[in-house]
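In what comes next, subunit A is part of two complexes: it sits with subunit B in the first one and with subunit C in the second one.
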Partner chain A sequence: MSDFDPSRRRLLGLGLAGVGALSAGPLLSACASSAGTGGTPTTGGAITLQSNLTGAAKSGVEKLIADFNKLGKGTASLNTVATEIFRTQLPTYLSSANPPDLYTWYAGSVANAYSEKNLLLDVSEVWQGMGDYPQSLRTLATDATGKQVFVPMNNYWWGFFYRKSNFAKWGVQPPTNWAEFMTLCQTLKAKGIPPIGIGLGDTPWVASAWFDYLNIRINGAPFHRELLAGKQRFDDPKVKAVFTKWREALPYFDPKGKAYPFQEATTALLAGKTGMFLIGTFLADATAKDVVEDLDFFQFPIIDPAVPVAEEAPTDGFFASAKSANPAATKALLAYAASVEAQETYVANSSGIILPAHPKAKAADMPLVAKGKAMLAGAAELTQFFNRDSSDALQPTADTALTRFIDKPDQIDAILAEWQKNAEKVFKG
Partner chain B sequence: MMGRLRTGGYHTAMILVSLLWLGPIIWVVVLSTRTFDDIATNGVGSLPHSFTLDTYVQAWTDGGQLQALINSLLVTVPAVLLSLGLAAMTAFALSRFRIPGRRTILLLMLAGNLLPPQIVLIPVSKFSELTGLYDTLWALIAVQVGFGLGFYTFVLHGFMRDLPNEIQEAATIDGAGVGQIFTRVILPLTRPALAALGALSFTWIFNDLLWAITVIRTEGNMPVTPALLGLQGQFVSSWSVIAAGTVIAAVPTVAVFLGFQRHFISGLAIGAVK
Partner chain C sequence: MTTVISTNSTARRRRSFRPSPLLLTFVLVPFAIESIWVFWPAIQGVFFSFTRWDGLSAPVPVGFDNYVELAGDPVFRGALGNSVLWLVLFGGLSILGGFGMALALQRERRGVGIYRAALFLPVVFSMVVTALVWRVFYQPDGLVDQVLTAVGLEHLIRPWLADPETALYAVIIPALWRQIGYIMVLYLAGLKAVDPAVHEAAKVDGANNWQRLWHVTIPQLKGVNAVILSVIVIDSLRSFDIVWALTRGGPYHSSELLSTYMYSAAFQSLRLGYGSAIAVVIFLLALAVIIGYLVRAFREES
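Now for the complex of A and B:
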């Protein structure tokens, strides 16, 4: 989800989404599975981990594999593929006759969708040794039939990021509720600074964070999940209330934000050209090293104190192919990955700001990380992100609706009606 | 006086046009020498505040560009030779002999080219699995040859058809067989067109991304285009490293174009006045 040669990639994505949709279908996976042989599981066999972690993020998973191989429970090899290729080819990998054993990917409805097609290995056995993990993560790792199919490695959080030095210079304080947030916006605007930064050019999905947060603050996480699962309607008055609230903040958005991607919006924030930016912790990856110390964030302001506080915490981890030729070694690797030791090594060697999934594993020793961890720990409910709580197919419908809303906020009704229509097409498949 | 003004105007206009074309390339080269912190602080579009060549080292080692370039060449060179060789033979047969249904064959080949390649991605992927070629460079060569063949045949057919018949008749009288006519008479005459197509197909195959990621899934077998894609992170990309990787990846195609430049332009010109 970044923005290298977007037009070409979008085309490619269209074509490849087609591959995914079709190849995951029953006909082709049936013909593929006839060629795949289960074989008797043996410990000590070779397994492959198909990974989308490239660049600086790669060393965490490399170290994990190296440490696992020293244990003598199997020989794992790492195969790294660019994220954009991985995203489009994952269905093909999973439905091929001789698939890789393990995959880096997302928990929740994304994993569940593959599990429904019987493509994922049942890892309930691994979860029996994961008693320390909180119920929220266990739920995310469980599919619709009640078996666990996913092992979480880490998550991260979203929030309004800002530079401490800039807030001090402007003499403003982070807000805690919506009214204070509005005052802050007015103050910044009066000083000639666009208060709210955003980057929607090539990365329109960034706008979904606003929708997610407003929805879980106004209507609560259960409604949000039902909406994203197709059990509620987008033209519901409750959804309209989200946009009515959003409209109050809209005049304070950086007008240039529609033109550039989130990475450049980060540069604008750091240069003091915008006041704050609702974004995930991966923004630190786009920040010069000496500036990271100056970064801080505040929680998305509370709107209705009666609604239990939920936070967005996208969870990453591993799932395995149902056709793995060596399920014993695959599960051994997953069990190792879930340990405190493995998670601490993984997080310490990965890039950016991430939190280990194991509640007893230590995260990086930074005030910012401690604050983020405390925020997630204090939340009554956790959601992930729009596409992770629904599907990659539903995300474009949100992108269309939200971009149109930011352009023409007076057409909410028409936009929501169209969103509902587009979403129905996705849910009917 | 008028003449000098005209020359001056011509040169000014041409320099401006060249700058328009070269601008993005120069921008990428400049970008490739900036540090990550410089870009993160000043933005991608600003003037450079730093100079480094570490980006090239990073692209070369982190991106695994050596292996990727070798893979690319292992695919591109055989694919170009094979597809042009087969296309030349087909075009020779279709244009110089009265083969029944030759028009239909040619139209069929052209029709195949009009289909968007995306619709055959799944069949290609599944077929390469069935034949056991999935995830090998052979699969990629086969796909590239298969998809190039129709267009190359069509172009070469048009070229060979216009070669005067008397040459072939003279060769026949001198006792040359079909094979000799092809290799000694027609092929040398087709050289400009072959050179032009060779340079074009080299670029196409070298720059292809779609087929590479459809039939290959192992890191070590990926050609240079997916390797470049691998330089971008999940959310954040180091543009200078990507720019450096792009510059490296462009070297082979630029070299081929410079090498074939003379043939390329004459090949195109022959096609134009036909």
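Now for the complex of A and C:
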């Protein structure tokens, strides 16, 4: 379900540019104000699941819907929309008079922001049957007023991915702390291999993983959350410390990474043209099976052992519209999606490396998955990702600041001042 | 008799004032459609530009705040500058290139059709396809880098689309690649209308090629030039797809045009009021150019 990520835009380039062309020109509001309803109108018993899932994840959700329809608790149909269109149209779907019932999207601040506007269906009833779920997921699915508005399907993790065969060939070991990480970078660079792969062309949001991780390793997850919620300032010296640390690693970044998207950065990693790559498990989506077996990852190195360890674990799942014409069937589908059976079916049908949200559901039987699961289980706190912990609107401010920093690291102060200014505009609305 | 005539003439006069139902349909139906899809949203856009709106809650009126913010926004100023640069480079070079190509290919020779078709071919591709092809050219170790290496200029190699110094120019080139063919076709049509007898006369009078171009051909292209000028200005202001597909206005706003900034402000930052204010500025710029052109055209006609 990593296809949930809003920013995985490259494959959708064509669709996106189409939307762009339509909305270019002076008649901006034509798009914004008269877009009308986005999905199939709901009538009678049938409910609609508006989904942005593509590829293997789509077949997973198709199977889920087919199995639900066999239960006789209602009929559901799937309506797949390209991610970029889904993302820009979601507010319109939710605020339209006759919206689709269910949506694939993110837990946390994104769902809470919609809930604050009374657009999401209260699914506390569904959660009453979800006693097996850990408190952390329950908290993540709960809005500011204390009701649950989200049902999680799966999550995944981020880490430094590398090929075991390459690390063996180069005679290096995965590091456990920052000093070892720096030594590893130096060793690889001395061998003529760009140590750290990155893909910022077209997918600049990938840089946010570095910011998130450095911030939760240096300042801790609570500060990170407050910063992303607008309760701390980006020009704070604590944020500057993040960039000062990052600067130590900058000379080891692959210089070509600025120009190509993360998909090509993945190809470069697999071909041994870069040493390692900080990325989510979705890198395996388009990777051949035998190569996936050669993949391994290590946890983002610990910088300050005094800071409780937090990891990035983006959680994907469903929320429903408050205006659903058939809330009973909608909740029935959500309850089914939260079951062990449904989640195992989903994981088995979508080939990506993901972890089912239900603690008793089995993930794919692979050492890599077991290792990822153990890493998340061992974390004191979980964060999701920059846009999921803040908002899609704040993400572009991070993209601008971080790509500029990677290009011109000596301008940190000016970059952070500008970031704060742009973030304030977003928080103000 | 007189009464009959007078009633007849009134009846005729009345009839001549009543437009036929067909004519009414042709005028009113498009007007109604335009009102719903163009005029009304345009008016709404102006209204939204005086509000703060996230697309979800009700718009909050903020007076001229958005315009005041625009005046002090360095990204907006950069986008305005880039749009002017785009107009000058994209417009100027496509006129020069298109006219040059049209002159070179106007004479009917064997195989000239192939050259014309080859130059016109990029126009057939959608801008997004053009962008995808050029992205492959520009990628690290792509065609551009290989050519530079082959001619010994590898020190010039840089991440073309990711370097703020080169990003805008790297986007203008594919846009030109397409536009030159289009302008060439317009000039070829214009050159066909040039009276050959005047050329003959000039030749007899001993004018050389350059003089004939300057004093005979170009003055007769006035009509085509006016069309091309308006096409270029409008195409420049609405340029969006190629920039969005190649750089999204990045890296860090260095290739931002007014149109891309409007899109990202409205639909990425979800500041629809601010985005509408940018849209109004684009609208006023386009209006100024078009009115300027229409006024001139009417004046010349009368």
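The rule we apply is simple: the second predicted complex is superposed on the first by the 385 of 429 C-alpha atoms of A that agree within 3 Å, B and C clash if a C-alpha of one lies under 4 Å from a C-alpha of the other, contacts with A are read in each partner's own complex, and residues count from 1 in each chain.
Just so we're on the same page, a contact is a pair of C-beta atoms (placed from the backbone, for glycine too) under 8 Å apart; a residue touches a chain by one contact, two chains touch by 3 or more.
Just so it is clear, the structure is predicted and the values come from calculations on it, not from any experiment.
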{"item": "Partner chain in contact with A:L270 - subunit B first, subunit C second, else both or neither", "value": "first"}
{"item": "Touched partner set for A:L119, first subunit B, second subunit C, both or neither", "value": "second"}
{"item": "First (subunit B), second (subunit C), both or neither touched by A:G201", "value": "second"}
{"item": "First, second, both or neither for A:A249, with subunit B first and subunit C second", "value": "neither"}
{"item": "Touched partner set for A:A241, first subunit B, second subunit C, both or neither", "value": "neither"}
{"item": "Which superposed partner A:T92 touches (first subunit B, second subunit C, both, neither)", "value": "both"}
{"item": "First (subunit B), second (subunit C), both or neither touched by A:A288", "value": "first"}
{"item": "Touching both subunit B and subunit C, residues of subunit A", "value": "14, 16, 18, 23, 28, 31-32, 88, 92, 264"}
{"item": "Subunit B partner contacts - residues on subunit A that touch it in the complex", "value": "1-4, 8, 11-12, 14-16, 18-19, 22-23, 28, 31-32, 35, 50, 52-57, 79-85, 88-89, 92-93, 96-98, 100, 262-264, 266-268, 270-271, 280, 282-283, 285-291, 351-352"}
{"item": "Subunit C partner contacts - residues on subunit A that touch it in the complex", "value": "13-14, 16-18, 20-21, 23-34, 88, 91-92, 94-95, 114, 117, 119, 200-202, 204, 255-256, 258-260, 264, 391-393, 395-397, 399-401, 403-404, 407, 425-426, 428-429"}
{"item": "For the subunit C and subunit A complex, residues of the former touching the latter", "value": "37-38, 40-42, 44-45, 48, 52-57, 69, 127-128, 131-132, 138-141, 159-164, 238, 240-241, 244-245, 248, 250-253, 259, 262-264, 266-272, 274-276, 278-280, 282-283, 286"}
{"item": "Subunit B to subunit A touching residues, read off their complex", "value": "36-37, 39-44, 62, 116-119, 121-122, 125-126, 129, 134, 209-210, 213-214, 217-219, 222, 226, 229-238, 242"}
